[in-house]
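Below, chain A partners chain B and then partners chain C, in two separate complexes.
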Partner chain A sequence: MNRIANILGMIGLAVLGVALVLFLQNFMAGQVQVPAQFFTFTTIFLGIFIEAAPFLLLGTLASGLVEVFFKKESLQRLMPRNRFLGALAGGLLGFVFPVCECGVVPLTRRLFHKGMVPAMGVAFLLASPVLNPIVLVSTYAAYGWGPVLWLRMGLSFAVAVATGLVFALEEQPARLLRPMQLEPIRGGSVDLSVPMLQPSFAARLRSALKIAGDEFFEMGRYLIIGSMMAALLQTVVPQNALLALGSGPLLSVLVLMVLAVLLSICSTVDAFVSLAFVGTFTTGSILSFLVFGPMVDIKSVMLYLQVFRRRTVSYMVLLPMLMIILASVFINLNLGI
Partner chain B sequence: MKSWRKLDKAVVFVALGLLAAIVLVLWRGDQVGVVILRTAPGDGGQAAATAPVVIEFAQRMNIASVQDSFSIEPAVDGRFVWEENTLYFLPAEPFIVGQHYTVSLAQGAQGQIAHDLLEELRFSFTVRPAGVAFLRLARSGYSLWAAPDLDAEPIQLSPADAVFDFAVTGDGEQIIFSVVNEEAGIDLWIVSRNGAGAQMLLDCGPDRCYAPDASRTGRIAYSRVLAPLTPTEAYGPPRVWLLDPRSGETLRLHADTQKIGYGPTWSPDGQRLAYYDGIASRLVVLNILTGDEVYLPTLAGVMGSWSPDNEYMLFFDTAIQENGQPINHILRANFSTQDVLPFFDPQPQDADYSGPTVSPDGEWVAIKVRALDNLANEQLWVLPPNGSYAMVAVPEGGYLYSNYFWGSDSNSLLYHRLQLGSADSQPSVWLWERSRGDSRLLLEDASQPAWLP
Partner chain C sequence: MNELNYKRTQSLILLALGAYLLYKIASGTLYFYINERFTWLVLLGGLSLLALGIVAWPRGVHAEGHHDHAHARGVWPLAILSLPLVLGFLVPARPLDSSALDTRGLTTNALVGVGGQVAVQLDQPSDQRNVLDWVRAFNYATDPVIYEGEQADVIGFVYQDARLPEGQFLVGRFAVSCCVADAFAVGMIVQSDEAGRWAANQWVHVTGEVQVGTLDGVAVPMILAGSIKEVSIPPQPYLFP
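Up next, the complex of A and B:
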């Protein structure tokens, strides 16, 4: 998998390079004989990647800082040991970290290393892309203090916690994670009685940045692959074809959920994008776009696969999807908003 | 497949439960239907003869379905205007005063995206007689007054005495008026027809906001003159601005600051806005939906009168005679054929004709006529739109006649009269009735009358 990812990552970088060269050539010469669809693809790809990369960087920075500055024991004291309480706490933790769906993955992986229970990790992973201060502000800017804002927050929290609660039933959390994410077993009979020297703050910061840098390039490959796939699908499946299907209490929800997956836009800006659907699509379907998109899209699934087993990821997609469909259809048919 | 663990079983169980719940919710179907946010006129209440019937939906609607489901008893011809999710039914002619009307929207009217109307919507109203709003000179300026009907005692509506001008909203429920403020600017205020709830609508500071006009669909346009940067500079030219009364948001009609104009007036259907461009000496008729503009050259600088079907506008232009004296003549601009023709054919040269005002039924036009040899001798004439014959409605000379408006029944003509040649003369408001053929005094010491439907 890693090797394939490396190859695909290299291809992605090559596409990025070619796109840049073509852009420059096009800019300077005025004309380049390249199919129009390729430019559509590169434009979409660059749009998704450039939008998401800073947030991935932010997440890896948070991950590096957590690794270096927070002792495992300290964090474990803060984290609930009860799996069910952990799911609840994971949802609430989303309010604290300003990371979107790209940045949350490396941070969650790091928190797993520090002893976070998977139920809490899953809830945090699903909740934090929506339940964070930046998304709160951007959704408020787009919709004001209205039902869309509150339902987005409430529904995201409920779905994340409910999914986390289901995962709390797993008695052996290690089965959820990919083997490489498991912490190596430490132990032995040698008691090191000589106290280790505490590195300086600057050294620890350098160490955190190094970890963040390594992790950024590691996860970045998958971001590139995910962005490429999203761009390809958007190029092949025109948005207008999907939007034309947008009526009806169920179909409108399904259409906007598919669109959310294809668009793969960051949760910090998706509220503004969704404004274009107001009046054309049901409120429930717009909520499904705003709740499901940050939890599951092509690039985030690619990143999830680096942390969790495939079966776990499929559950992490299936359960929120069904919950959000149920909630959105219910809103469409039972709430007059 | 590997052995089923507790988590796998739980996921399958939860997923099946969620699927069943989705099916159940779909099977129960629409429980709320189309939500209607507002209807007007209010159920069981009184309404103006010119009031639009308004139904505001919470979502986009299927226009054909809603219009097919709409009915009004007794039947009235009219047109539908949509502004986003709000339906306006604008009767072709005003409602009949005293008549009880019932509006219904049949069950099943379809929303555009999900819901249908689950229950029939029904509301009714009775058409009230019109009153008069006017200005009265007070100690420190004009104040705004209104008589809720022609026989009622007038009441003062404006809290202060510095009213500049005013306009009545299409539903007759409110009056927008401009008030000179302490910065020598002019603000816009709004008050209900009974004088309650007077409040500032737009604080213009040192700018001068005046000549408001409200469309029947609730849009407000006004003229605005920006204050000079320093007190020694002169005020600039006026421009037309728009105001959203709900949000208080205001913006220039044209982003291009070179486009100037004043006296904005909405067409009866609220889809076009006319104003006078004093630089180019022309009336500009702007289609709000398409942005298309029609120019009607005129030196008169006075707004024309819309026909009730929005098809044409009567206005007048000023020409200079051989003796150097100006003379006015009336023109008719047809928007469908895009031509401007003289109202009278052939154009009479014996008198000065100006100020055409079309009646709400489109059957009559009131104009002001002045003899060329004695311009102080004004008369008000009433004639059909083809100008084939004329009735001299107000023959008395020696008066200045202005602000004449047809009543909703197209029978009565409200006008302002001021005696010429007398420093002590008091302005007064009169009513001419076509059926009686004569005028009666309505209000003394009153200026700039307007119907308060």
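Up next, the complex of A and C:
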């Protein structure tokens, strides 16, 4: 494991250590006061983990199945080699693989190893948490057939494709990905896709599940660290102060974007959550919450860091951020909605 | 840790995580963490984790084949993946309470909802409305005075809000759309001579007549308490908007 992960792991364990000591004290002395915030923290952390774990599992299962049941050559034939088309296709691939932001990371990595061009992969990664049937339905349920729905879909698509095209100059996905992670996966894919004798269906399913289990382990630790950080911030940072901050065309956008990162909620339900801001916040800011949140939040950035080089991740965070701020402020100032 | 023991521990942790999710469902405390409509998803997740755990168990040394170059594996991944287990099994399950309210604040302009949904909810007889329904009704009404005199019958936890005068406290509930990370609090003012006697976080059943109260200049529903009774935490502590 690399150094950052080690440091984060240690921080996590330190937090846990302190928590355990507090807890044991409480236990021994009967009713010594544990700060109530500790219970709040634990409840929020477990809440995010319990909610996100099935989605991450879904992603790793999809990844395992793609690895075992799709040959590299046949997938390459299906995927566009043209970068521009690739980015466009990547933006819409979520309708084929409906995975949300936790599941999309392992699946994207797998597709890279099956020969997907970088522009397409990045567009897929950023777009699919919003551009998929489930989120379409949940956003419709919350906002009906109106500007919020189609602006959310359109803006997510545009931002994801544009960011994907920035990576179009790069031919080799390996240069975006973290090098260490390439080895074991390649090794794994060689002995499965070039079988000496055709393995039985059950054997293939077994290896798909094995890959999914390994991947859940690998990604899970980032999900856990991300959930802990989100829970800690939620326990410490006063949200009501943040929400009192603003209704200005720019400030409201910045506030809701920070909140989206802080809350780290799944894209399948964030539309319902954002209803709470309707009326007090500008439409542009609500859009920024709905478009930026699924692309960038604490736990998804943690997962990105596990797969991509740090510089790639910073582009994947900063470019969408700037584009979304610009678009949302433009909407606030120019469209009377 | 050598490869074989690492793989075994990994398999055990996957099994334990699966067991944890299923245990949460069985014990009913799952609802302390997420909205009830995601129960099937957690069930599916628990079962898949069990399956992954079973498959991940290493079958003898030979099964590992080319992996048997004896390099040691760090224990950090194992430690981190055990965190939800440690916190989940050792720390007693508790729903969010008024201490979470300190950073979240009370939502007085609670989501009004969309389209027809709200109208249906406002059709309920007044004594069947919960705290969220009342707050919504007040938000939705052009003048909430129309609700004065109706009978309220709600449960919630006690929140002693510093902004309230003596003789009043809030009866609050958290509303959860997905998981507790998105919880927001709603509350009604309770007016009672014995308001000061209720400890924060105590769950209470309040009945009485509804009046229009104010909190920071915003109209919020207020109950002139006819009776306040202590109750235990309901199996479903949150409201689902």
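We adopt the following convention: the second predicted complex is superposed on the first by the 287 of 337 C-alpha atoms of A that agree within 3 Å, B and C clash if a C-alpha of one lies under 4 Å from a C-alpha of the other, contacts with A are read in each partner's own complex, and residues count from 1 in each chain.
In this text, a residue touches a chain if its C-beta (ideal position, glycine included) is under 8 Å from a C-beta of that chain, and two chains touch if they have at least 3 such contacts.
The structure presented is a predicted model; accordingly, all values stated were derived computationally and were not measured.
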| item | value |
| --- | --- |
| Joint occupancy of chain A by chain B and chain C, clash or fit | clash |
| First, second, both or neither for A:280, with chain B first and chain C second | both |
| Contacts of A:250 with chain B and chain C, given as first, second, both or neither | first |
| First (chain B), second (chain C), both or neither touched by A:50 | second |
| First (chain B), second (chain C), both or neither touched by A:329 | first |
| Partner chain(s) touched by A:147 [first = chain B, second = chain C, both, neither] | neither |
| Which partner reaches more residues of chain A (counting touched residues only), chain B or chain C | C |
| First (chain B), second (chain C), both or neither touched by A:167 | first |
| Which of chain B and chain C A:263 touches, first, second, both or neither | second |
| First (chain B), second (chain C), both or neither touched by A:115 | neither |
| Contacts on chain A seen with chain B and repeated with chain C across the two complexes | 279-280 |
| Touching residues (chain side chain C, partner chain A) in the complex | 10-11, 13-14, 17, 21, 24, 30, 32-35, 38, 41-42, 44-45, 48-49, 51-53, 55-56, 66, 74, 76-77, 79-81, 83-84, 86-88, 90-91, 93-97, 99-100, 102-107, 109-115, 177-182, 184, 241 |
| In the complex with chain C, residue positions of chain A that touch it | 1, 5-6, 9, 12-13, 16, 19-20, 23, 36-40, 42-51, 53-55, 57, 61, 142-144, 187, 206, 209-210, 212-214, 216-218, 220-221, 224-225, 228, 230-231, 234-240, 243, 263-266, 268-270, 272-273, 275-276, 278-280 |
| Chain A residues within the chain B interface of the complex | 166-167, 169-171, 175-176, 246-250, 252, 279-282, 311, 315, 318-319, 322-323, 325-326, 329-330, 332-337 |
| Contact set on chain B toward chain A in their complex | 5-8, 10-11, 14-15, 18-19, 21-22, 25-26, 28-33, 35, 58-60, 84-85, 112-114 |
